Every structure is written in C-alpha cells, then in structure tokens.
Amino acid sequence: MNSHPSDSYLRTDRLPHLWCPGCGIGATMNSFVEAVKLSGISRKSLAVVSGIGCSGRVAGYLKADSFHTTHGRAIPFATGLALANPGLRVAVYSGEGDLVAIGGNHLLHAARRNVNIMVVCINNFTYGMTGGQLAPTTPIGSITATTPYGSTEMPCNLVNLAASAGAVFVARWTVFHVRQLACTMAEALVRRGFSFIEVLSPCPTLHLQRNNLGHGETEMRYFKEYSRVANNTSPVEAGLDRRDRKIIVGTFVKRERAVFFDSPDSVTLVRKKKVKA
Amino acid sequence: MCAEPLALLTGVHFMDGNSAVCEGAIAAGCRFAAGYPITPSTEIMERFASRVPRLGGICIQMEDECASIMACIGAVWGGAKAFTATSGPGFSLMMESIGYAAMTETPLVVVNVQRAGPSTGLPTMPAQADMLQARWGSHGDYRVIALCPNSPQECFDLAIKAFNLAETWRVPVLIMMDEVVAHMSERVVIPTLSEIAVVQRRYTQVRPGEYQPYRPAARGVPEMAPVGKGFFMHVTGLTHDAKGYPAMDPETQDALVRRFTAKIDSNADDIIVYEEEEIADAEVVVVAYGITSRAAAAAVEEARALGIPAGLLRLVTAWPFPEKKVRELSGRVKALIMVELNLGQMFLEMDRCAKGGAQSIFLGHAGGSIHRPEAILMAIQKAAQL
Amino acid sequence: MKKKTRYSVRIIAERCKGCMFCVSFCPAGVLGRDGTANARGYPLPCIASAAVCTGCALCQKLCPDFAIFIESNHVR
Amino acid sequence: MIPPHTLPARIIISGLGGQGVILAGCILGRAAALYERTAATLTRSFGPAARGSACSAQLILDDTLVHYPYVDKPQVLLALSQQAFEQYAPLLVPGGVLIIDEHLVKPPAALSGISLYAVPATRYAEVLGNRQVANSIVVGFFVAVTGLFARASVERALRESVPPGTMGLNLKAFSCGYSHAIKMYGEHHTFSGRFEGKARAVQGNKQFKNA
Amino acid sequence: MCAEPLALLTGVHFMDGNSAVCEGAIAAGCRFAAGYPITPSTEIMERFASRVPRLGGICIQMEDECASIMACIGAVWGGAKAFTATSGPGFSLMMESIGYAAMTETPLVVVNVQRAGPSTGLPTMPAQADMLQARWGSHGDYRVIALCPNSPQECFDLAIKAFNLAETWRVPVLIMMDEVVAHMSERVVIPTLSEIAVVQRRYTQVRPGEYQPYRPAARGVPEMAPVGKGFFMHVTGLTHDAKGYPAMDPETQDALVRRFTAKIDSNADDIIVYEEEEIADAEVVVVAYGITSRAAAAAVEEARALGIPAGLLRLVTAWPFPEKKVRELSGRVKALIMVELNLGQMFLEMDRCAKGGAQSIFLGHAGGSIHRPEAILMAIQKAAQL
Amino acid sequence: MNSHPSDSYLRTDRLPHLWCPGCGIGATMNSFVEAVKLSGISRKSLAVVSGIGCSGRVAGYLKADSFHTTHGRAIPFATGLALANPGLRVAVYSGEGDLVAIGGNHLLHAARRNVNIMVVCINNFTYGMTGGQLAPTTPIGSITATTPYGSTEMPCNLVNLAASAGAVFVARWTVFHVRQLACTMAEALVRRGFSFIEVLSPCPTLHLQRNNLGHGETEMRYFKEYSRVANNTSPVEAGLDRRDRKIIVGTFVKRERAVFFDSPDSVTLVRKKKVKA
Amino acid sequence: MKKKTRYSVRIIAERCKGCMFCVSFCPAGVLGRDGTANARGYPLPCIASAAVCTGCALCQKLCPDFAIFIESNHVR
Amino acid sequence: MIPPHTLPARIIISGLGGQGVILAGCILGRAAALYERTAATLTRSFGPAARGSACSAQLILDDTLVHYPYVDKPQVLLALSQQAFEQYAPLLVPGGVLIIDEHLVKPPAALSGISLYAVPATRYAEVLGNRQVANSIVVGFFVAVTGLFARASVERALRESVPPGTMGLNLKAFSCGYSHAIKMYGEHHTFSGRFEGKARAVQGNKQFKNA
C-alpha cells in the first residue's frame, strides 16, 4: 500500500505542493492534520481560511472547505464565516506578513472581540511568496530583498501582540516540535474563542540562504537545540532573539472570556443559533 | 421567503431611503451585515443593527471597510445572505474585495450612498460621481450589476432585487444611492410575504465527490455548494479551473474571465431595467438615474407642457448599461441629454453607444446639490432647437 | 522463515523533496542518504537499517511533503 | 384630507441642530403620507449631528407624486432660529406664511406680504418642564395655524414618532401649541396662498419582474 | 537636476523595465519611496532600497499599500519627490489615497505593474486590465495622467517624465506598466546630467501672510509652499476654498473640482504624447500601448510588407486620451483596431471618440500572455477587406 | 484688549470651532498650545497631522503646517512627512476610532519601528463625527448607534496597546488634567521616537447623553473625582473601567530605543540629513 | 483711588459655548452663571467675584473654546 | 560583432528555478546589447522564486529593434532539464541547435533535423567545487558552439553579472565550457540555421519634448 495515513485529509491531486525543499510549512500542515485527527472534530465541519503567501497556500492543500482569500483579510473572512455558520470550526492559516503586516489590524480587533476562530501563524521571518522581503518579525540586521543593508526595525513579538490584544489561547512552537504542535493545535481546535498559535518555520530559499543560516535542516537543528519549553511564560518575556540563542516555546496563555456573539449581555437579542440562509 | 414574521414590516410607512434599503435587505432574507460607519450611509447599518438581532441575524461593526466587506464575503460562503453599506471613501477601500467577490462569484450586495468627492469632499451632500468606479474600481476585468433607486420606495424594491440578482448571477450587486435619496422620506409600501419574490440560494444537486465548484451551469453561472457538508470546496482569488484549483496559464485565465463576464454581458437584456416616459414621439430624450431622474422628470413634464417633444429614459440598472436602447434612441431622436451629478461619467457610456445621429449632450456638476428642473428644461429647449 | 520487523518505513518517492528532515531526526538512525534521486532530481532518503525502527513516526510527522510514513506489521 | 386647493404645499422647517427640526418635519410628512393619503416628500439638509449648526427640513405635499424634492419658494416657513429666518424668509412666496418661535427669532418690524405667526414654544416647553418638547409645541401650533392637516392625523404621527416614555408630554406640548394658535388667531385659520395640484397617480409600490 | 553624482548611472545598460523605472525615478530627483512588496513590481522597490540609501534618500517598506501611498504623500508635503510601486491588488488598496492626492493636488508618482486579474489572478503574468481603474478607481471626479512605457528604455524616460508632469500639474501620475515590460531586459541608455530635463518643485514667491495654498496660478495649477517655513498651510481632503479651509457648499465644490479637472482637460494637448507609424496613408490603424504596441508594430510591418495600408497609433499617455487624434483618424480611415490585454477598456474610450466613419474593432483577451503578431495581422487583414 | 494669549497659535478666522458645547477636544487643543509654548519648539517647525473625525479637526484650527488626511492614515502620512523632513516636529492628533479602529495597524507598526512622531489620541469612547457608533474603546454595555442593545466587545486599552507595540513614551490624562497634560505633551514634543498620549474626553452629544452619563461638565467632574495619578504603572494595569470608578492616569512608559532611520546599524548608508527635494 | 485686582478675567463672548467648565472648576469661585447668553444662544459665564481671582488660569486652560483668559494687571 | 547573416537570432534558455537560467540569459543579452552593439531583448517566464519550478528565458538578437519580444520558433535551445527539453525541443526550427546538459537531459536516440550539443556542465561544476557555476560552463559552451558572440564580450558581461567573490570561479567555469566545446566540436563551430535581418536603426534613447 502506498497511501499516506494523512492522505484523506489532503487534496492529494495537488501534491507535490509548491513549497521548497526544506521549507517548514508542509510540516506544520502535517501537524495540523494530526491535530484534526486528535481533536475528534469532524472533517466536514472544518473550514480553513488562508490569506496570500507561501503559508497562505495551506488552504489549497487541505481537504476541508477551504478559502484562499486576499492578502491580509483571512481573519475578517473567517469572522464572517464563523458567525454566519456557527456549526463550522474555522481555522485561519497564514503567514506573519499576511496576518501581522497588512492584516495586523484585523488580528488585533478579532482578538479583542474574542471571535471564535483559531489562527495558525507561520513565522518564517520573511515574505516567502514575493521573494524574501522584510517581514514584521525579521530579526534586526537581517539582509532581505528590501533591506539590503540589514533590517533596523525591532521585530514584533507575535505572541505578545496576540496576548495583549486579548487572545484567550496563545502558544508558540517551532516546526521541529511536531508532537507538541499537534497537541496544541488540537487543543485550540476544541476550545472556543480566539486562539493564536505561532509556528517558527524555516524559509531556506530566502531567509536562511541570504543570511548565511544554512538550509532547512540546519534551521531545524537550531530549533531543536535552542528551544526552551516554558509553558505559562508571560508572552512579553517569550523571546526568540537569535542573539540569545534561546527560543521560548510553549503555551503561554489560557484564559476564558466571553466569546463574540456568545456574550450573555446580549444573549436575549443576539441569538447563537445558525443564521438562516 | 422571510423566515420570521417580525421581519417584514408589511404596511405603509413614511421612511427615508436608508431605512428602506435596510428593510428591503431584511425582506430579501438578508440576516448578516458587517459595516463601518460613514456619512451618509451610516443609518443603514444602524437600522440593521437595531432590527436584525431580533430576527436572529447578525450585524457587526468591523474595524474598517476592508474588514467589513470581507466579513460579508465570508458570511456568504458560510451560507448567509449578506451586505454592507458605505460611501465613497469606504467604497474605495472595498475595491480589492469587490474584485475578489467577482473572481470567486460570491453573491454579495454592497450599498454605496454617494456623496460629493473626490476624497472626503462634502460628506453630507449628494453626488453621483462613483458610477464609473462602480464599474471599473477594482483591478482586472470583471462585471458588477449596479442599481440606482430614485425614491425610498425604490430603495426597498431594489434592495430585494439586488439580493435576487446576486443569487441569480453570483455577482456583486451594487446599490448606487445618493445622499438625497438616502435621507429623503416618503411613503414606502411594504407588501406582504406572498407579494415579494425572493430568490433563494440554489445549491448544487450533485454529490460531493462529483461536484466541481466552478463548472458553469445554466447561463454560465456555476452552482454553489453548502459549506460544512463534505463538499470540500476550494475558493481562491487566483485564476482557477472548474475544480476551483489554481491554474496558472493564460488559457484558463481567458476562459474563466470570459465566462464570468459573459454571464452578465450575454444576459444583459434580462438584467437591464429602465423606465421610459413620453419616449414614443420624443425628439429630445433626457437620460438620468437616481435622484437626478426626478428633477429630469419634472423638467420633461414642463417641456411637454410647453409643447416640446421631450422624453425621459430613466436608468434603473446603470450597469449593465442599456446599450441597445440608447443605440436605438440615438437613431431616431435629435439629442440625448445625460443629466448627472458628476462631471461626465455615465455620459461617456451613453456617448459611446449613441452612434446614430442624435447629439450627446452632457449636463452635470460636481455635486453638493441636485439639478434644478429649470436648468434641465433650458437644456431641453436648447437641444430642441438644434 | 525470517522474523519480520515490526515497522515498515514507506517513502513516496514522487512526493519527496529531499529535505532530509526524516534522516536527520530519526532517533534510531533508521534512515540514510544513498545518493539516489527521484524523477524531479531530488535526493531521496534511504532505509539504512530497517530493523531498528521503533515506529515512533517522527519521520512521518516531520515530513513537509507527506512523503514518508510508517506501517506497523503484525509480528508473526 | 389636506384641502386639495392648497396642493402642492411647499414647506420649510428650519432651525439649529438639536431643536427637533427634522423630527417635526418627519411627523408632518408622516401625517400627510400615511393619514392624509397625500404624497409627501421630506428632505433635510444634513450636517454634523446635533452640533448646533444650521439645520432644515423641506416638505412638499402634493396630490400626486412629487418629482423634484426641494423647495425653492416655500409657502410656509417655520423658523426656529434667527439665522434660519434670515436665510429662508426672503424665499417665501408672496402671501406666504411665516411661523416663528417668538423668543428665538426677532423679525424686523415691517414684513410685507407675509403672514406672521409667533409662538413662545421654548418658553412653554420650559414651563412643561422639558425644553426638548418645544418642537411638539411648534407642530401643534403649525397644524392649527395652517389648517393643512387634520389634527388627529398629526397627533397619530406624533405618537408614533416620539420615544414612548415621552409620549404623554409631547401630546400635551402639541395641545399647548395648538391651543395657543386658536387663542391667538382663532379656529381653523388657513393661510392665504393658493396652490394648484395636477391629477396624477400617487406613487405606489413597484414590482420588478425579472428577479 | 540630480544632486549627487552617484545618482545617475550615465551610460549604456542591459536592464529590465523594473530597474529602468527605478533609475528614472532617481534621475528625476526622487529620493523617497515607500512600498509594499507585490509581484510583479517588487523589484522596483528592491532596487530603490539598494540604490537610494547611498544617495542620502529613503526607501521604506510599510505595513501595507494604504500606508505606503500615504507615506509618499506625506513625504511630498515634506518636500520630497516620492513614489510607490505596486500591482493590481495593491493598486486597488491605494484608490482612496489616489483620490486624496488628486483632491489635495499632491505631485505623486505611482507605478502599477499590471498582472492578470481580477483579484489575485495570475500574479506572474501580464495584463493591461487596470487601465480604466487608473482613470476611475477612486470615488468622485478627478483626473490623473497615465503613461504606458513599452520598453525598458521608455520605463526610464517616462519615469522622468512622470515626475516632471506631477510637478508641473500637481496631479497623481500613474506609470501603467505590464509584467512583460517590467521583466524584459534591453539596452537602456542613461544620458548625462545635462541631457535630462528635470522639473523641480516650484514654490510660491508670495510671502507667508499672503499665500493662499489653493489659489489657482498659471494654467489653473496652484503654487505650493515649503513646509516648515511659516506658511502655516492647511491641506485637507474636504472640499476647500483658496485658503485650503473646508467650505461645505456646492459652489466651492463645483469650482474646486472643475478647476483641478480642467487643469488637465484644457491642457491635454500639451500633456498627451503618442507615436504614429505609417499613419499618413493608412486605411487600417491599430491602436495599442505598452507591450501590446510591440506586437502591433510587428503586425503593422508585416501588413505593409503584404501591401496592406496599415498604421499604428501608439498611446504613450493613456490618460488623458488622445481624443482629437482618434476623432481625426476616424474621419479618414476604414477601421481602428484597439489591441489590448483585457476584455475591452481603452477600446471603450476609442470607440466613443471614433465618431467618424471608421469601424471600431476590439482585439483582446484576459491576459496571461501577449498577443501574437499574427493574430493582429489577421485582424488587420480582415479590417482591410471591410 | 480682547485677544486670547493662545490666539497666535490658532487659525482664529475659523473660530468658533465646530465642536459641541461641553466637548473636550477643544480643551485638549488648549493644552497642546500650552505644551508647544512650554516645549520651546518653534511654531514654524511644528506640523500637525490629523485623520478624520471630530478629533481629526484639530489640524484645521492650529496655526501650524497642518494636514487633515484620510480616515485612519494620519500616521503613515506623518511617517512620510517626518522622514522626508527631519527638521519638522510632527504631531499626529486624532481620535481613537481613526487611530485604533481603521488606523490600528499603522499605530502598531509605527510604534514598533519607533518612528519619530508624537501621537495624541482623543479617546471619547465613541465615533463622534459620524453620530456615535461603537468605538474600540466603548465600554461594555454602552448604547451606541450601532449597538442599540449595548456593546459586548471588550474595549481596547490604548496605553497598553501602544506600549506593547513598542512606543517609547506612553501616557494617559483626561481633559480635566490640563496642567499635567500640557507638561506631558511638552515632554513628548521634545523627546525623539514614537510617543503616545491618550486623552480621555467627554462627548456629551453622543456618548454621554445616550448612556445617561450627563453632559460635559458632569463627565469632567467624574474625571476629576475618579482619576488616580499613578506614573510608571504598567500599562496593562492602567485600567479605566467605569465599574471600578477608577481611571489610572499618568506617564506609564519612558524608555529609549533606536529611532527609525536614526539606527546606528544603518547609519553609514541611511543618512539622517534632509532629503533633497 | 480704589485698589485694583491683580487679575482680570476676560471672556470672549462670541466664542463661548457655555460648557461651564470654567465656572465649575474655578478653585476660587470667581465665576458664576447669570442667565445671559451670547448671540448664538449659548449661556455665558459671568464674573461673580473678580476680586478673589488667584490668577491660576485654570479657567483659561480648561476652556475648549479659547473663550476665557486671564490678564494680570500691574498692582499700583 | 554577431555575424549579421545569423540575425535575428531567437534563443530559448530553459531549465529549473535555481539553475541560473535567467542569469545565463542576462549575460548573453548583455554581451549582445552592450558589447556587440546588437539589439537584444530578453524576456523570462517568471514563477515563484527559486522553487525548483520550470523557468525559462527567451533572447532575441537582431540588428535592429526587436518588436515582438517572444520566441515561438527558437533557432537555439538550451535545455537544462528534461521537462524543458520536452516542452521546447518540438518548437526548434529545422536545422536548429539544441544544447543540453548531458546529465540532466536524455533526448531520444533519434533527433532529426537538429544539431545536438551536449556538455556535462553539472558534473564539471561539481569538479570545480560549486554546482552553482554550472550555468557559466553552459554559457561558455554556448558561446563556443554557436559562434554568435565574441568570447571577450560574453566574458566581460559575465564579469559584470556575477557576485564579485565568485568571479574567478565563474570565469574558470566559462573557460571550461568553452574548451569542452572546442575539444568536442572543433573551433568556431557555427550552427547551420540562417537568419536574415532587416536594416533598421537600433532603438535608442527617446527624449520627450513636453516635460
């Protein structure tokens, strides 16, 4: 038998996918499939929404109702989808450029409102799809296509951003942490409210190569060696600066808060049941 | 059909256009709106926010217009009928997503209450200067349907029609109001449930395994599938094949874009609505839409009273444009006068289509106020002497 | 009759892109590189010592291309 | 029924944001459109909400549909601020009717060819304990003075238009304005302007055939 | 004039259009760009980011396109010449700010490298389907100037011209490239400093107290004042009077919008550039622009070789459109064939202007590839037989 | 003499301004004029950039080079202005809807980059200009034009947002605190980097009236009575929930960090001097 | 000759919108309300007890309309 | 000078992303445009960066300006992957020249009407210690085999196009490819296709008069 045990979760007619050798995005998708299996949620009720980017291609490979939207707008799309159809479990899957650069405002407000969606944010420290430009997470000093003399911007700490905006579940793993990542994703899949999972992922073609950081395998070794699991760390302390040779990973925030449109304040008027088409 | 009895305010009302378009949306079965306040459209969302939670629907204020329209598109794919309302600056911000809706053939309704622009302009005053933006504002080739109500009653009627057109043709339908119609109150008759024809979403009858989300069905319109039912649909703004998968070649591109533009172009006769007043023997025909058509109607009446054979062609659908009708008229009248609150927009299309002997005359200004019937009458008189 | 290994490692060669995550991180050193490549020219991992596979499936989970998986066999 | 010889009637109601000018227009328009079965078109000049800036509503009543929705030459002007008076009074048709709040508007001594009616609406409203109801007083006064509407129609429209909690007070205010007019100017005083209407069908509900 | 010697790479290069447009901007004295990556325009900003810091200029990557164009507008008011480069989806997001630039008469240059759309479409493949968006994409009435280079050399030349036009007319100038021109490499000659005419910003000579920022000066264009010099200028997207203060009345609106549209319309003859090939005795004229004009030129040459009296009208400025020229041609030729990578955009304007006897013929497709000369030749042959 | 001592800082030909009686925006502008005087910066070098909103009208009344931009884009405009003309001191002055709803993303990234601008954010808990809709700071339960049954969204803590995004100077005052506000604004005017000052301000016409909170004067008394000055409070702790009857005010963050385009990393290549026009 | 107060309170009536911030928060109770209004109908503050003004200028700083200010007089 | 009888010359260079296909095209185009004073137009099919997907450059050399920038029927095809070979080889004109990396492309035994030239570029590059320089080997081989360019022109263009640190190695690679061709096919081997050019002015710099 030559069939991969996750094949039924994939649009196998589209494989091999477009990601580069050594790219981590596919591996996060592998963990996501594991998570869906673990979570027990029905594949029929799963909807995946991506923006635009290498990471944004995930929606196109998963055998779920899947939506490849526009750059930066996956979260608002997902918000409408989830509100209009509360029977769906809506996962947003995209890159840090998509979700935090052009889409940063939507992340902020969806987290504040505690919209019932889970967000997987692939942080590969660059814009892969367009050829390796500055991302909001690019480390200071990095060479990118738009910072040929080195980036000078302080990178954004995504978990801190999501947590301060109000996300109720916030975690970070690397692509190397396949088991923890799958468990965390599964937990997010079954929780209600706005959850945010950052996954550090190698972009060998653009980020690593340009900064003499080796290839995918090298970066995976780096992830393996320098990650420190520290659940419940305050997100603001959860650094990943290469100069510290320390990546803090784990689940940092778990809290409960009224979910958007579940709120008891408005429960009499704003019903929770399905919108009639 | 309206699911809830509370939904339909059957009866006679004194209502402004913003309220009426909101009631029309509700009557059409819309139970989802996401919007962002902007003068002079704000009251539409405000009314929806007050009305629809009682009907089990959802009205949310988003962080901006980009988010608003995308939340609506998401809601449509979630199974809802959805709409948003905005005005010029917000409409400009929605352009990218209108293209996405066109590309993904999302049945969506967007209301644009036109105010004087460009930019912030005169936020509380009328214009009709987003008409070509409605047609061309997003990048690439696509089609929309654009409707122009000229009274609160028509705001109600055309809102229903807009949702029906959106579902029928899977295309963004734009309700191009203007500030005067939006804030003008008149008698609005809301009929009973049985008097209102509502087009429901037609879902495919094909089984999940065989379903191809972008295979053209009747009249070039592909069938939708319900979400969450195992169809595993894929929707993308990339050029896509019948399966909905990205296909990066010029042939797929040409076939796709030609199909979804042709579904409007080749069915234009069924989509286009206009009204003719005293056209049969007219020598001078005023062409107008929205609030301007009412000043024009007054002027045409006065012209007739003065013995001038004037007529009125009122555009209800601005897009698609009644090209055939204008061609026909231009072959038999002396002059066509386009009256609009801009410096020449629909005029250009009229002028293009007017290949006959009729002169194309433009009468417009940059907005802020509407034409006085006397000004139009003068133009008619002048044209009659040509 | 030879005793079967408990786990079989399967590689879907057409999907593999040769990133070598599986090889690098197999805790048992089951996988290796032997210089073979697939039709698209990507180097393939090879099964160097099938017998020591513990069935941990780390290779399977790490693979970005869904190109490697483990089957557990009935040990007779 | 609005007396047909008075149609079309062109009315401007003007003042400052916050005085309820628009609401007054809505009540009258509603009364006409729903309870007098007259075509009524109400437009408003629309500024930043309630910031004390100039504000006006224009109401056209007709026996047939109203095409052009604006009033260039009003037959009736209700002015609740000096600025409104100065802006619109010159537009009044000869023989037009001018209604003012006598404490907010000071017209010049000589006003030729115009019938002036004054009501101390704001004062009365203060007496009634709520400045907000001044516009209901004005509406009552307007109805009595112009004779354009049946009192019942407007009272009904008013009831449907004000917040339920304030309905009683508003109706009282309406009466107060109405009575003031009767007291000052006598029963069923109708303004002198004559307006002719044309016989056309009232605009109804339109059904589009192609769905 | 270029301030720094390093700035101008005088000499002969083998360069693609994206590089050339960047060099043109530098040659025009532009030292500020803010952008957001998007295929197929990205290399423009990338090159600027590598080149301009060495010249003391600034290139920043912003968080999105809304921010990019606004940062450029801010930089212009700060005294810089500034530009941004994008492609369809980003161009759509810039629409609101293009209207703001038009309303505030900000001299701004925007490059749009057209790819196949709508929506995400075919990001790496060419189209010319944002041409009417360029003209009408923002709400309200306004004008832009749009240029269409057809070679890397012209990307360089027209970039300089774009900045010059922006400064001369205080209007957003759009360089409407296409993916092929952007990525096609050819010989590019960069002249010496003295051979390049650069229009510098003209600041008012009026003293601060007397300066009125929106008082029309020569040819309807108001004078700018330098920031930080006590002019206390006020700039707003609201309708404004000569002082730049908001004035909320229809008269100011009409006067303002008519002035800034008229400054382009009534000077169109000075702004419009086109090229004619073998027009004098032509019976069939192909109208084309950008990359398509090169396939058209090949076709016209072949037609001539076959003895068909064909000619080419190449639009260098798409907007304003050479209405007079087209009218003139339509009065004397058999047919005008618009060839473009869309489903009919500039064609509509050509068709409108072609009031003479000439047939208007459209030859286009939805993009992804360019026309083959043979296809154009066939259209010419067919038209010649009309 | 009937000339106000701040008149030379105002476009007096445009007074009286359009704000309602009891609105606090004018009072913040009063403090701002004091701050400019205090700071000693030349009026010529001051540029004020507003977005759209009642607060966004400030630019139109100050006698400085002033820019009334589009809704949400004051910060990017100011970024371009400040970078192109480092001789200017650029202040952004706008409302919470403008800066944090539609403009939230720009705030986030400008703070992260530490762009050299100061931001004054008038928080009146609603959208004044458009008639009192839900703002990102509207307290839960408030009646607004778009939440007729009461808002259910968690309001955004602006100082926390600005601080976690990376602002180097973060403060909050109310309109009542005229002296402190003027001093704080003056301090921000003379500091470099991204500073953020939130000013709580009454919107009697829409927010207060609709929520039975009285009028401008009432709210000012509330501000006076319930404000607690607590400098250096961690912004995340700096609450202002009405239910606590406690508004934490003060300067919460003062720190130093490389300013955008001052960064030593790129100093050799990215010069600090003025862009040549 | 009567001794002058040290400070004069000036009110620019046309600008005032009657918010009464000045009246409410004057620490010395200098200002009051006397029912007068300006041309636009806004109630004006009045100077109830000029003599007690401390010149703190709080009124001036609180005024949203730049409608009130303090002049300090030479005390002879 | 490129031999005029060979103009216009239409060339396709194809392979996979990452093989330096586009760079090879740029070097040849540059040599022609700058050092042979021939009009040269290089287009590329452009995909997601360096993801191992198909990738090609098309180069047209002419003695006058090139209108249509694409090559439908190449006279020379350089194919560096099997897929590229399969896609483009059928387009070659009769008598066209096919250049392949013999380890990456396996043409069928019989190839009629086409001149085949093979170079083990990748192998040589590995010998030189850097797979990346395979494209310089191919360029050297191309120059020798086609005789379209003066060697010096292309070497100069190559020097200007590669990262300074790798210049020596790339020049060595170029030589290696060049020598291989001489060794295998003899000096100045020119392909058999004949292409005729027309006499037109070379496209120059355009100055627009209205500023």
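The letters A, B, C, D, E, F, G and H name the chains in turn, as written, and every chain counts its residues from 1.
By our rule, a contact is a pair of C-beta atoms (placed from the backbone, for glycine too) under 8 Å apart; a residue touches a chain by one contact, two chains touch by 3 or more.
Protein names from UniProt, one per chain: A, F = 2-oxoacid:ferredoxin oxidoreductase subunit beta; B, E = 2-oxoglutarate synthase subunit alpha; C, G = 4Fe-4S ferredoxin-type domain-containing protein.
Just so we're clear, the structure is a prediction, and the values are computed from it rather than from any experiment.
Between the contact lists of chain E and chain G, the overlap consists of F. The chain pair with the larger count of C-beta pairs in contact, out of E-H and A-B, is A-B. Remark: chain B and chain F have CA centroids separated by 39 Å (rounded to whole angstrom). The centroid of the Cα atoms in chain B and the matching centroid in chain H are 54 Å apart.
The distance from the centre of chain D to the centre of chain F, each centre being the mean of the chain's C-alpha atoms, comes to 43 Å. In this assembly, the C-alpha centroid of chain F lies 60 Å from the C-alpha centroid of chain H.
Residue positions of chain H touching 2 or more other chains: 47-48, 52.
The residues of chain E that reach two or more other chains are 53, 63-64, 66, 89, 96, 100, 119-120, 124-125, 236-238, 248, listed in rising order. Annotation for chain F: residues 19-21, 68, 70, 72, 101-102, 104-105, 108-109, 129, 131, 136, 149, 261, 266, 269-270 touch two or more other chains.
Against chain D, in their complex, chain B makes its touches with residues 12-14, 16, 40, 124-125, 151, 153-154, 157-158, 161, 164-165, 168, 179-180, 183-187, 189, 191, 195, 197, 199, 270-271, 273, 291, 294-295, 297-298, 301, 316, 370, 372-373. Of all residues in chain F, only 101-105, 108-109, 112-114, 136, 140-141, 149-150, 152-154, 156, 160-161, 164-166, 236, 257-258, 260-261, 263, 265-266, 269-270 touch chain A in the complex they form. Residue ranges of chain F in contact with chain G, taken from their complex: 1-2, 4-7, 10, 15-17, 19-27, 29-31, 34, 175-176, 178-179, 182, 216-217, 220-221, 224. Across the complex, chain D meets chain B through its residues 26, 29-30, 33-34, 39-48, 66-70, 72, 157, 202-208, 210-211. For chain B in complex with chain E, the residues that touch the partner chain are 66, 88-89, 91-93, 95-96, 99-100, 102-104, 114, 116-125, 127, 129-130, 132-133, 135-142, 236-239, 248-251, 253-254, 256-258, 261, 342-343, 345, 348-349, 351-352, 365-369.
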